[in-house]
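Per-chain residue numbering starts at 1, and chain names A, B and C are given in the order in which the chains are listed.
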């Protein structure tokens, strides 16, 4: 099968600060990847590289066989959650609609097919009943779903999700995980999900990409999250405890 | 009472006022959702310096206004993104321009009178050619807005995703404030630079509290803008008080109850209304 | 007439006295305005001051008294919004434009006097009277004593309201108190630079100082120095050059602000340097 994302010896530097160095990986179509790592390890930078928002200072990147470029419709992007003011004068439907034609010039006329497309996207994330509600009044989890619906409108082959679980409680985390993995499977889209915790995602993830000290390691969860690999990545002794099919990393901040 | 409509200058004021109300209502909507209220206020004050400079140079105030507000709009839009720092930087641009304005006027002979009419507007002074200039500029602004509508909306509500989707977010920041600058320049002769702000923010602020639908909010803002402008000119023509007072007060009087009561309507709008199964 | 002769004139001495008092007070209050992110609120109160002064002219009382009454009332209204004040640009803006409209109404009721309006908007420091100086002194004393008494809790509440609240600092009360202090200060500053230019004395010196110095005390002192220097230099140049003092004051404070933007932020270099980082919110 064709690899949808390929990174070869990729490095990113800002002045003297090295964010990523010598990162090599390839991600197959339809693969579900969880991106882990401490703060500042370059997780968001990696997503921005793929989106073409920043250029690598070294190495080569291929996204669906091409170098990354801004405005790539084949990528659906859900950035980190940010607070939407309660009084934002915008309906859920309008927010999701940006994903369809927000980048096009001109007013654009509301038509039946546009409406149906948006309804389908809302339905896919189980938020059709919220279509006419002001977005600012919805809960964090509901807003998250809308952002996913927005990202799905261009039928992306790659989904990039930046910490979609960060603001959710445990029950909602499980809901979000099953929703995202369902989308990944039914659409066959490669999914990169940035998270601070692997445990809620263990059932659905294919491989784990671990970033620390600007280096990367990729593989099945147990291949990466073990004493040897993490100690090498962090450059200090790290213990991984495995209790009841859950990973706990000791001695390092995740 | 209604025979004021016989006068040419009143007719001119009504026509020019109606056009300006459309432009300011539309731009005001975006000004509010982009969180640029203070920048709008600053730009109107900057206009004073431009107009004063034009008076000194002996040219039509609108040219000075255009030069200063467009320049300041560009400067403000490239200033820092963090709101707290941006407010200060915007304020520095604004006060510096005002300082220049007062310098220009003090160099000019009819100091106070010309300052007064720039600041507070004078509907008596609107000529046929002013109406034409207003119409041409307003048409250009509206056409630009129509062209920019969707990316402008997208980048107003979610600049990060818009950027990833290839919307030129930075360029839109600049273009938008330049459009606001143009609108302030044409609106200034009706209500004066000080109260242009009332026309920019008043109708859109009220409309935004009444509906979460963008298209409806803009339509509502235009209707409110017309109401304030027409009533303002009508009342001013029949009394000794300036238009700017009526426009500012009307928009505040309508806004206040809407603001205080609207949180209840918002809650009801949630999960209610025309939800389709 | 030489500058020295000018300085012996009664009206010049009044101007310098009032200017000095107001520069010091605005320098200090401005520091807190920056800290609390209330620049737009200060700007709005200055327009309220305009309406107050115009109303005072109409009913024939001292303009400082009129300004103080209306700004204090508005400050109480704004303060009762409490923590919800943050991000309330639209509401603040609506008050601002309404107050301008009100000021215009008062003025047009007053004599349709254009000079009066321009003086209110752009300041007329050289027409300050003995009575004004005494009133300014009194109101400054109130402001300074309030600030000295509440200095530490106010600083704490401005920097970290949540922690301050947990430690028992009356954050809500301090927020109203500070707006009252701000109201009085704005009313004074209107006399020197006029309603439209209050920002230049109340916000710009403190904003520049804050970029140069990080310790609260040195930032405060620097802010006072900048506003004092600008006011004195502005007054002197206006006596010599016959242009309005407010123009020179604005020119000086703007210059300081630009310098502060150009200067390296040396105070952070030693301990903590902010590096550009793509994942950090800009």
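Simple rule for what comes next: a residue touches a chain if its C-beta (ideal position, glycine included) is under 8 Å from a C-beta of that chain, and two chains touch if they have at least 3 such contacts.
Only a predicted model underlies this, so the values are computations on that prediction, with no experimental measurement involved.
Give the chain pair, either B-C or A-B, that is connected by more C-beta contacts.
Answer to which pair has more contacts is B-C.
Grab the C-alpha centre of each chain and report whichever is closest to the global C-alpha centre.
Per-chain C-alpha centroids compared to the overall one single out B.
If I average the CA coordinates per chain, which chain comes out farthest from subunit A?
It is C whose centre lies farthest from that of subunit A.
Centroid of subunit A to centroid of subunit C, CA atoms only: how many Å?
From the centre of subunit A to the centre of subunit C is 47 Å.
Approximately how many whole Å separate the CA-defined centres of subunit A and subunit B?
One centre to the other, that is 40 Å.
As a quick test, compute the distance in whole Å between the mean CA positions of subunit B and subunit C.
Centres of subunit B and subunit C (C-alpha means) sit 26 Å apart.
Two-or-more-chain contact residues of subunit C, please, as numbers and ranges.
Within subunit C, the residues that touch at least two other chains are 87.
Which residue numbers or ranges of subunit B touch two or more of the other chains?
As it turns out, subunit B has residues touching two or more other chains at 208.
So in the complex, the part of subunit B that touches subunit A is made up of which residues?
33, 146-151, 153-154, 157-158, 160-167, 208-209, 211-214, 217, 263, 266-267, 269-271, 273-277
For the complex, which residues does subunit A have touching subunit B?
51, 53, 70-73, 75, 77, 79, 86-91, 94-95, 98, 101-108, 119, 128-135, 137-138, 147, 150-151
In their complex, what parts of subunit C are in touch with subunit B?
Checking each residue of subunit C against subunit B gives 34, 37, 39-40, 43, 87, 89-98, 100-102, 104-105, 108-109, 112, 114-115, 117-118, 121-122, 196-197, 199-200, 203-204, 207, 243-244, 246-247, 249-251, 253-254, 257, 282.
Going by the contact rule at the top, pick out the subunit B residues touching subunit C in the complex.
32, 35, 37-38, 40-41, 45, 48, 81-84, 87-88, 91-92, 94-96, 98-100, 102-103, 105-107, 111-113, 115-116, 119-120, 194-195, 197-198, 201-202, 205, 208, 240-242, 244-249, 251-252, 255-256, 259
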